[in-house]
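All chains are identified by letter, namely A, B, C and D, in their written order; residue positions are counted from 1 within each chain.
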């Protein structure tokens, strides 16, 4: 039985993570933290979990967390997360970090995009990127895993096998991404007020979204190429679900069939990637850990479409999948 | 040409009011106020109106407003509104007040429900309630009109003619009301955050909603009976639209046909009330000033259903209808 | 390991039932039926289940089903269901029937509301109504269970303990119910077309909905009173979730506190009913088998609010709960 | 007073067209056609219009229509439309055709994409494309105008001025488009059933959508270049609104400022195109005839975003704008 804690347990990813962990036969949830001092019961913070877990959220120090938990899931904001992670690791905990802090490998690029100094730069380049479809072997037994961003998950799963096989070109890739509003977090903001976001559709962060360097880093490193993607996320009036429509130049002489076979071959044994002949939508992956993908050739472009649940495969489900690998449990435990 | 001003022009009712006034051939919009000092352009506050009106929102005193405008539409909160209205009237303006300040006639009841002293109690009992279907003659030529609440509009239009005709009983009336989220205003609040309100349905203010005494007052006064309604509003995951399902005991021997005929006869010449044999929905009245109504007899109860757009017939459209009556313009001007 | 089959496996209840059964450690899904002859794979019919179950939908006779399955979940339309259920029972299967066929106990009332002769009238009065909170002991070990309708589930759980305790009056009860669109089934119909149902809110079947006699029968029988409820369902623009707002006269001298305590006491050991001091919404029970309830006293009325997921506690989750009781598994298996 | 008829008046574009025409001071609606023989009243077909127009839909021949109307708006399917349009023109009517029949200029390309022979090929190349921002002078006084498709409207308005000015390259343009569900028409289809389309997001017609040749033709012809766009539409869970995110290689040395200025200069006098420094969303143009546009430079790509209401600027509003030009009325009549 692994004793687990969640840091920053007030948001949607923490709620969905709890929903999964409470079904996991080898997990006991022993601590939930918040930076508030009011110590609310989990049922007040997440009414859907009432009756499933009898625990308060507490303002705990890393040392206190380490006393109670073997494995810690960190749902803290960037920079705040790394400050705590190093303490937890030194105290003997293993950590799955949801923040961006250990996804990049270069402190300068981190500072450029996140606007702060990295609190733990030495560990950046040594941390495994928690995308099992690319880095399964390194995740097994790891003490710290950087849980990927939601957009990078959908984008990298769509593009990486095609880039590595050389059937699409690394230059000029366009990633047009769409996400349900839960991806923007739980804090009420004017543009996320229901009458503003409902019946509306807007791009945001055009050319400036922080997931851009993460996509470029992983694609370039894993595929051995240099990408420089144009990434445009859009806010969609729905709760959950994320879709990436990626456009890349097809390498010469590569047929539509070859593109699809490349994906099918790469993902043939993956438990959570389903390569489809048809067109995926977000609803068929909602509340699941699946990523559904297809590819079409249109003129000289490959159009690759991938769909995930932004909170599950894009966050909490991926974290449980990583946890299962870290502790060598069956990879699909609590996820099917 | 009537010079008009809107006080508190940042919300949804002000936006929809502007949309209507800009189509009105006898109206010129000359002033918009806000309590902020930043003087934003109307196109920044209401992007849908960009290019239709070149005006800034300003922090103006009542005296400044009175210099620029003949008629003032007040979209201020309760209590704040009455404080200003009396000044405007004394300065010679005519006023349509969207707040609750002049809807009730008793300062004590006002204080009980709104928790503050009324700033202008002497005018309460003398102000006409701006529901043309009940008080058209008094609205004509009035200097001050109390624009009704959205729920009272839908509820009173459903019940008043039946109560007055004596075909339903005044005691034990249940009003189960449902509204789109725009009815809750433009301020971002946690329970109105898109991922909270979307795919959700909740009652609120059960037994405590401030529209309750307004419904009871107007029904009782106009129908010459004593009602004591049980009123339960619900928040519905849609932008606009409001539906009232009201339940009342049928007076003895009254048939389903007689109930429907009573409504048809009362509303036969009304330009904005459509009595239907079928069941109304909110979509068919969305973005219109119509109220669609029907009635059924189920056992010993009359089930009356009425649908309006909460922002139009429930607020801004009603205000323009009142304005047209006050100035003796064609009642439907700018509303069809 | 219980071999289970689903009859009529193309709809939303079947999909959600499969999702639950595939997590159940004592269940093996061995047959899925459809009246089409094209034998589609379950992944074509329910894309969300791709990769979780490798089975075709087949046009099987009851005898063929009985060869493959110990327990059968019937998702067939009324009348079609009873015709098959008797055969299955005789062939030794145990059955959870989702149709209305065994919920009522009087063939004449059935014919009045459903417009057809009942194919198996002799079994009607002997079949247990599958609401564990009322009939747990009779469900244990039963061979046939009538799975309740979604509206009756929410309405009866709200009203039954209060009626039985005598704290509300049986006469004049109003049940104003609201459901997400999945409750209307999977068949595309004009009024359920997205641009018709979205941003819309309509009552339907006013005074004529077939769940009315079911509510009256169970309330009257179990509570030992005579009810004659006025029941009005409404279609809400959301996928799933159902809310009942019920209004009943309070018996004399009963306080608000006593009403709430009556519910709390009755449900104190129930695994899936959560009595709240606050107001429930549908989102906190979505995708769960929970029913959240509260009660308020408003004037002389009790206002009772209950919320369920119409497809889970209102259909498939209830069926699994019944299945667990029938086979004496832990009642919450696969449901938390 | 222009007597106007609408052919095929049962759909959403006809409803919105009626809503606009009924506000137009120079228009009298004299005939509505349907291919059904049941002669429904317009209030049965479009409940929102009840009380605004007292007219039946009739199964009229072109000759009968021509007797009653000076100007005809054709909302018929492709091929069916051209068969009727030629008759109407010969009978002296002027026509705004919503179908695709007169948008392309080459019968062979038409047959390739639409799968049928064109019924009136001789008129194809002579018909003006009804996008006033490109072809205002030719629309003035025209007898037949081909009303543009919704996607081409948003895409061409975004790209044409930039292409013509040479600040973006014509090769390799990607158009990622998103539309509310009303764009798919009023017929109930399985994938547009509310519980399928709600909380879902799917691409469709990838590389095969019939608006592709229309976009390429108009861009190439008007800009004097050769484009070969990759066009991917997506279905968004909302009623109305359409957004195009277009990606094009920036011509060398062209700055972000120069891109935006090119749009601002081109559209400076247009009544319905608003070039923004900020990012447009669909809600701010919903129920209006506006198109809001901006452009960003991201790496070597221009990212151009345009938003329209698919039923207004994308169909019925554009038709009224064309009608105003044809009859030399003020271009904005009934549209503000």
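Convention: a contact is a pair of C-beta atoms (placed from the backbone, for glycine too) under 8 Å apart; a residue touches a chain by one contact, two chains touch by 3 or more.
Remember, predicted model here, so these are calculated numbers, not experimental data.
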(request) Please work out which of A-D and B-D is bridged by more C-beta pairs in contact, and write that pair. (result) A-D
(message) Report the chain whose CA-based centre is farthest from the CA-based centre of chain D.
(response) C
(request) Report the inter-chain centroid distance for chain B and chain D in whole angstrom, where each centroid is the mean of the CA atoms. (result) 36
(message) Taking the mean of the CA coordinates per chain, how far is chain A from chain B in Å?
(response) 46
(request) List the centre-to-centre spacing of chain A and chain D in whole Å, with centres computed as mean CA coordinates. (result) 39
(message) For chain C, give me the residues that contact two or more of the other chains.
(response) 180, 196, 198-199, 237-240, 283, 286
(request) Name, in rising order, each residue of chain A that touches chain C in their complex. (result) 22-23, 47-48, 50-52, 199, 271, 274, 276, 283-288, 290, 292, 336
(request) Report the residues of chain C in contact with chain B in the complex, numbered from low to high. (result) 172, 174, 176, 178, 180, 196, 198-204, 206-207, 228, 230, 232, 234, 236-241, 243, 245, 247, 249, 279-283, 286, 296-301, 303, 305, 307
(message) Could you list, by residue number, the parts of chain C that touch chain D in their complex?
(response) 12, 180-182, 186-190, 192-199, 237-240
